[in-house]
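Pasting the structures here.
Below, subunit A partners subunit B and then partners subunit C, in two separate complexes.
== the complex of A and B ==
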């Protein structure tokens, strides 16, 4: 409970920072629209961070591998290809819907192509991600009208400009579903860490849990991509940080991971629109920039 | 004998291509790697001297029609294969393909790739293209018009936010020709103090700079303009501001920039009632 309180406090601090810092420095803006936007952006970043962290927790448990994150299953490449193709085919449209469809399409392709083992699923994910990512790069490189694809270049690194309240409601519902599913499956996830045979012997429906987990990771990632583009690293980092605060048990660790991941992304977004003002840089860049030293510190204190 | 034949083929493949033959009516074999230089060559009437051109992305249809028979070039190999005597480009091309310009130097092929930041740079480029394409006489009117542009004077210069695209908004800084075009048209770019050409600003920064006019860069096509207007409508503090639309090809600086300044001055005056 102490760890949850600590994570909750850091999350609250991050939100406070996000609503009180802007391109003009510290201070709450007079303009009501700007105040509202800061709040919506913080909420979008929080939900995306929580969603990706929960996806990371599930991915690491399903594959019993602490190096796995949701985007490793081919979802980021699929999202990138979907975003770029949608901008190419429908110039002027938002790349978000194409990206979410691309992520889901990649997930289905990975699942369809690899059902023999965890290793084949993971390797297929890497291959599909690489292939679809290259497809996105090819379109970006070959397109004669490069300016039409400019929205993609910023968006591919992630960000929370122009948050859509309806999307936020969908993201909140998905994160809630993720939290509830994790809570109810906590014992099964713990048993999965012991190996498939032992988990089966203890009554865990391994196959069904894997299929459900894969579906949940795909859903959470697609919704997060819709909200904030491709924000890498959070899904890997947050579960690791959480394991440093609480045990690896899935009773409290996923909640702590979600809060830490959400808080970190809220902080990154606040910095993305204020540190280089009047410029705004992609949030995903700062997430990796700020998150990697934290990750290395955590590893130094307690090696994996 | 077979070895000799293979060696001869390899030697021929590695050797420097011989200079290309002359094009009828032209002393130079021109390759143009940017729409801005291509437009200047075509408007000076030197289109027949083009032995290679990069794919036009935003040229008027009548100019594109003149390029149907001109080979498309882009890579170092394709440019060199066209055997140019002059290569015309902008700095952005040289930044993306430094190896091409090193090779042009090595082969002593003339080239230009200036950075356009102000109207004066556009005028200098227009004069340089005229000289290199040997069309000084045909270019005289264009150059005179560019040289005659004088900044519009007047109180209450409108503060303009340039919306090129995207979220966060892509906009013009001090080193974009558009900032100078706005200044010549009697307006002021709200991001004119930012030492950059084009960059992503935050909506928040745009609002805090209190613009009273928005200039939309039109990439062409109704969908693009509608999407940009819709994006602006969602940013409430900017939604009610008057809007001026400028085709992208006019925003980057061309030999028609004198006309663009005139059009911009008129459009700004109209938008302000």
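== the complex of A and C ==
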């Protein structure tokens, strides 16, 4: 409980920081509209960070690998490519289904192609991510639709400019679903870490859990990509930090990971829009700049 | 008294071929049955079928008189399984022992019985091979199963730990049945009956007289 309180407090501090930081300096703005915009943006980053962290927790349990997350597995790229394709082919409709199918397709491709070793898993994830990113780029190049450029750039680079309240509601519902599902599946996720055979012998319905897990990760990734674009490494770092704070068991770790991931992304976004103000750096770019060296450090400690 | 485990004309194997066939035996509470034989002769394949992990290609298995293992945690209370190559999770030892539904009191008891109390809050993937093996045995023990299925349970154990394993086996056999696989003569001697796998069949006689215990 202490760890949850600590994570909650760090989250609240991050949101306060995000509302207070801007191109005009530090301090809560008097302008109500500005406060609201910064608050909405912080909420979008918070929910995206929470969703990606929960996606990371599930991916790490399903693959029994501490080094995987939706971005490194190519799921974020798949969701972005799905959303771009969907907008290109069906311009008037919502890209949500396309994003979810893109993430699910990437998840199934990685699962099908790389079940043998940790190294092949990560390499396949990189290949799938690269392929889906190129696919989205190709669609952008070939498409003559100007209205595709803005959302596609947003999805591919990552950022929280002008958050859509409807999307925020969908993200909140997805994160809540993710938290509840993780809570109810906590013992099964722990058993999965012993391997499929032992999990089965301990009464876990492994096949059903895996199918549900892949659907949940795909949904969370799709919503996160639509909300904040491709944001890497949050889903990797937050569970790592949470495991150090509490333990690897899925009883309290996922909620701590979610809160830490949310807080981290809120801080990253506040930095992204204020460090080079009046210019804004895409948030996804900043998380990759900071996250990649930390990932390499983790890789050094635990070679694949 | 009905058997804990009964196999009749069982055939087990992989997707394309049968490894062992005509397997029939019964195991009652208090009995230790050992499976021995050359590597690749089908011991682990048979054990996996006995654990309900793979369906037999022919014949029947009955666990406590039923042809189906229970679902959920009841399964952990029916069978305590230890596999030869278990992944080492990033969970603490104490958390692993809870996975079969054991309460805190039982976990403390098992930690003590397997000399794991000092390691209770260590992550399993940070432990040595012998310590991990003891955790695996303790995990199977924690749920107080009626039947233990142990694939090479003394792997990585040192001489003292092997002696402790023998003492533990003596304790649990009073209230459970045990099927174990081993290549060690000292472990095979702990069993009432040794069944040898060779040539796709199961036999009471070793395939080579030199292997006589």
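By definition in this document, the second predicted complex is superposed on the first by the 216 of 304 C-alpha atoms of A that agree within 3 Å, B and C clash if a C-alpha of one lies under 4 Å from a C-alpha of the other, contacts with A are read in each partner's own complex, and residues count from 1 in each chain.
Going forward, a residue touches a chain if its C-beta (ideal position, glycine included) is under 8 Å from a C-beta of that chain, and two chains touch if they have at least 3 such contacts.
Since we're looking at a predicted model, the values are computed, not measured.
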Open item on the list: After the superposition on A, what does A:10 contact: first (subunit B), second (subunit C), both or neither?
Closed with: neither
TODO: Go through the superposed model and pick first if A:151 touches only subunit B, second if only subunit C, both, or neither.
DONE: first
TODO: Could you look at A:193 and tell me whether it touches subunit B, subunit C, both or neither (first, second, both, neither)?
DONE: second
Open item on the list: Going by the contact rule set out at the top, does A:93 touch subunit B (first), subunit C (second), both, or neither?
Closed with: first
Task: Which of subunit B and subunit C A:64 touches, first, second, both or neither - done: second
TODO: Report the partner of subunit A that touches more of its residues: subunit B or subunit C.
DONE: B
- [ ] Scan A:201 for contacts with subunit B and subunit C and give back first, second, both or neither.
- [x] second
Task: First, second, both or neither for A:159, with subunit B first and subunit C second - done: first
Task: subunit B partner contacts - residues on subunit A that touch it in the complex - done: 22-24, 29, 31, 33-34, 37, 90-93, 144-148, 150-151, 154, 159, 161-162, 273, 277-281
Task: For the subunit B and subunit A complex, residues of the former touching the latter - done: 55, 57-58, 164-168, 170, 191, 194, 196, 199-209, 219, 221, 223-224, 226-228, 231, 234-237, 248
Open item on the list: Quick check: in the complex, which residue numbers of subunit C touch subunit A?
Closed with: 48, 51-53, 71-76, 79, 81, 83, 86-87, 89-92, 95-96, 99-100, 123
- [ ] Note which residues of subunit A are touching subunit C in the complex, please.
- [x] 64, 66, 187, 190-191, 193-195, 197-198, 200-203, 205, 243, 247-249
